[in-house]
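Presented sequentially are two complexes of chain A, the first with chain B as partner and the second with chain C.
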Partner chain A sequence: MIQQKIREIARELLTKKEVDLIIGFGEGTLPLRTTPRFMRNAEKTDRLIWNSFCENNLAVYLPKFSRFKVGLVVKGCDARSAVALSLEKRFKADQLFLIGVPCQRMVDRRKVKRAVRGEILQAREEEGILYIKGDGFETKLNREDFLYSSCQVCIHRTPLQANVLVDDPVEEYPLTEIHPEISAFEKRSSEERWRFFEKETSRCIRCYACREACPMCYCAECFVDSSRPKWIEKGLNSSDLQFYHVVRAYHQTGRCSGCGACERACPMEIRLTYLTQKLNQEVKERFGFETGIDRDAPPPLATFEAEDKQEFIK
Partner chain B sequence: MEANWEPKILAFLCNWCSYAGADLAGTSRIQYPPNIRVIRVPCSGRINPLFVLKALQGGIDGVLVSGCHPGDCHYLSGNYVGRRKSATLKRFLEYLGIEVGRVQFSWVSAAEGGKFSQVIEEVTQDIRRLGPAKQFRKRSDEFGVQSSE
Partner chain C sequence: MKFKLEKNDFPSFLQSLIDRYDLYAPVKLAEGVSIYKKIDHPDEVDLSILNPQKPAKDIFFPQSETMFRYEKVGKQNQMISMEEGKRDRILFGARACDIEAISIIEKVFVGEEYTDVYFLEKRNKTTIIGLGCNHPLSTCFCSSAGGDPFLRAGSDLFFIDLGEAYLVELLTEKGMAFHKNKFFRETDPKDLTLVKELEEKAFEKVGFSIPVDGIEKRLDLMVENPFWDKIHEKCIGCSVCTFLCPTCHCFDIVDETSKERGKRVRNWDSCLSALYSQETSGHNPRPSGRERMRQRLMHKFYYFPKNFHRIACVGCGRCILYCPVNFDIRQAIDLTSPKRIKKMKGEVI
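After this line comes the complex of A and B, so read on.
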């Protein structure tokens, strides 16, 4: 079982002092939630779990722990973020031990909540079925019907960059194709697309949960905090909300692993992955680059080719 | 839309090629639409995508970024780096729903006074056709906006 394997590896790493710290997932305080766990003692490794609610990208903690040797539990996307961070020199490659879990795709807790009536008090998972018990109801849900949309288009679910894999690699295929999802959106008129973006960002409360959840958002001074030049204000006027989301997504160009942590963290349930997915697609088509796949490929916006396409330039 | 609306276009011109090309258009007395406001930058690679967005926020109807031809950059590779940024920015803005043609890019050399005026003609026509920019516009009647903005 994956959970058992993770605990064994973590225990071994800590006992042999191959790492100073293990970062993994533990039981959350609420149903359908897990929580990041940090442990330095081998005895604590029994608290590590693995299930379909391990949705966080734990690579977000790497820049903070760059002085330590860290053992990190990663899915495919998390491993790619770790590689991207290492490319940006946030972390030395030998300071990191990746415990790779081939990912079965994560369950969207919001979809589950919407599918039941009443407060969920208990949730458990067994053999692909979610058993949900709540205030006056008990129901069974098919796990495959409740996956995150960013997981459905993922084609790198096995963390091949990991030092060890706790299970056999999964067969890579997108559940729904990336391009039809983006191209379906692109078929809509520009007014419709703008209205969608406007509507989504109008709910933003500038809590920056998206920024905090994202492993690539580690800037000491974020552009929102800049006062010279002051790009945007702190208030909630719609132009600044739009500016914030355009730029946060754009700053991920060539860096985003598509983990979806931003969208999952948002308390207002704003659609965010549709932005970064488009940029990832552009970068792949134009520059042949995918985040975190090739350790030696330079960041696409930090380099160039003489023959880059310039069909858009007069 | 007011009857007397004229496009307000911001042109970021690289100092060594496009700005000089614009100068040449001027000294050659070539007529081109007066709708552009020029910002001289050292290189097209200096353009931070946030400049373009800030311009649209402030009420600019169209943005042009113009630099040296590939291979002719005064700083050797600035325009190549700028080209990648420009490509990703343009596609992203169009995906979001900003009208195609609001943000445009060109290569104009210091000897191309004629081309410069032609580019301005085309861009101005495109923006005139698109109408005043409504997206991103920062409105002073919304709460949280400083009156000086």
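After this line comes the complex of A and C, so read on.
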């Protein structure tokens, strides 16, 4: 069982002092949630859990622990972020022990909430079924119908970069890589696309949860926080909100693992991943590059090759 | 004074408010997302979400507010003050926790030493219509935090959803101004029994399980406790909890300028962001998440009660519901309880 294996590996790493701490998932306080857990005591590793609600990308904590040896519980996307971070020298690869979980793909708690009437008080999963108990109702849902959209199109569920895999690799699918959301978006007219972007960003409250939840957003000073020069105002003018979201997305080009942490973190449920996924698709087409797959390949926008397509130079 | 408002009459009642006032009420922005907003049409009001993401403080202390403008005239900068809306305002449909929170931030904005005219003007012009909480969420803990799901304090009028109708209580002078409203009907003794039942049910659901009592005394002894070393670890340092908190009231003042003109704007700020305490020299007195989380909790449960004799938390549960990493303030409070502190060595939360 995956959970048991994670606990055993964590216990061994801590006991043999191969790592200073394990960052994994623990029981959350809300149904359909787990919470990041920082484990230093080998005796307590049975508090680590694994289920379809381990939605956070724990690689976000790596820069904070850059002076420690860390054992990190990772899904496919999280492992790719960790590799990308080490390529960007935020972390030395040998300080990191990746406990890789071939990912069953995570359940979107908001989709589940929308599917029922009333507050969900308890949720548990067993063999692909979500058993939901709420205020005056009880229901069973098929787990596969409630996956995060970023998970639905994931083709790197097995963290092959991990130091150890807790289970056999999963069969990667769908192998067609066309993101349904992107293709739907692309089919719209530019006015419609703009309206969608405008409507989504208009809800932004500038809490920067999307930035803080993203492992790749580690700049010591984000462009929105810089006062000299001042790139952007701090209020809620729509042009500032749009500017923030465009730059945030663009800054991820060739660096985003598509984990969806930005969108999951947003309290206003702003759609964000259609932008980054589109950039990911573009980077793959142009440079044959996918974030965090190859431990040695530098991110395409941080390097150049003589064969790079240069049709944009006119 | 108590009346009844049939739900059939509710849209017309709202329209009558819109005709005479600027009406602010919960509005749905997307599935599962709402905020308090100025209403143009009764249909916009959406009471399906217990508490909109952004609390009602936004109506009195907006997230981004222009304080004044200035313009270059010759070689001088000329100040232009902002005109507040002329009409009186109504806040409709806020829950007891949000309304209690307005009284809490009022202690800061309207004090003996200084008065914030921006807040005060909005506050004075606003009639508050509270809405009883028939179905508090499992994340609600208002009763533990000094309130309750049907707390009337702070409301001028109070609505209770009876199913087919609302029970309407007029509570203050501002509220009494509505006593001749043409949509209000006489109440039935049955309605009052039903109110009692609804209240009891809600009280029972919310309970008193969060050990808030005496927390300031406990925190007084905890400034350098190892508790802070661990409790912040999972926090990613975004501003969800503070922005969505109905009592958090920190702001940052900036000038938005172009060559010829500019405006002074104040925006919500958050003690959980590193920039908040960053000094011009480059020094940051709260250099890590440890100090920042300590500030957040200390302000709510120690400094604020010390200054104003009430914790700065109303138990609305937004910080729990919307935290990206499931940091739960109830757990943090619980961990300060004497028996938990004693047991704690290293690993918390």
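Descriptive notes on the structure:
Rule of thumb we're sticking to: the second predicted complex is superposed on the first by the 304 of 314 C-alpha atoms of A that agree within 3 Å, B and C clash if a C-alpha of one lies under 4 Å from a C-alpha of the other, contacts with A are read in each partner's own complex, and residues count from 1 in each chain.
Operating definition for what follows: contacts are C-beta pairs under 8 Å (C-beta built on N, C-alpha and C of every residue); 3 or more make two chains touch, one makes a residue touch a chain.
Being a predicted model, the structure only gives us computed values, none of them experimental.
By the touch criterion stated above, A:L85 is placed in contact with neither chain B nor chain C. Contacts of A:S238 after superposition: chain B is touched, whereas chain C is not reached. Contacts of A:Y250 after superposition on the shared chain: chain B is touched, whereas chain C is not. Shared-chain residue A:V153: touches no atom of chain B or chain C. Of the two partner chains placed by superposition, only chain B is touched by A:F223; chain C is not. Applying the stated contact rule after C-alpha superposition, one finds that A:A306 touches chain B and leaves chain C untouched. After overlaying the two complexes on the shared chain, residue contacts for A:C207 are found with chain C alone; chain B is out of touch.
When both complexes are overlaid on chain A, the residue A:T34 reaches chain C alone and has no touch with chain B. Under the contact criterion defined above, the residues of chain A that touch both chain B in one complex and chain C in the other are 233-237. Residue ranges on chain A touching chain C, taken from their complex, read 28-30, 33-41, 44, 56, 60-61, 64, 110, 113-114, 119, 121, 135, 203, 205-209, 211-213, 225, 233-237, 261, 264-265, 267-269. On the side of chain B, the complex with chain A involves touching residues 49-50, 53-54, 57, 70-71, 77, 80-81, 83-100, 104-107, 119, 122, 135-139, 142-146, 149. Residues 29-33, 53-54, 63-64, 135, 137-139, 230, 233-234, 236-240, 243-244, 252, 254, 256, 265, 267, 270, 273, 275, 289, 320-322, 324-328, 330-331, 346-347, 349 of chain C touch chain A in their complex.
Of all the residues in chain A, the ones that touch chain B in their complex are 182, 185-186, 190-197, 223, 229, 231, 233-240, 242-243, 246-247, 249-250, 253, 275, 278-279, 282-283, 286-287, 300-306, 308-310, 312-314.
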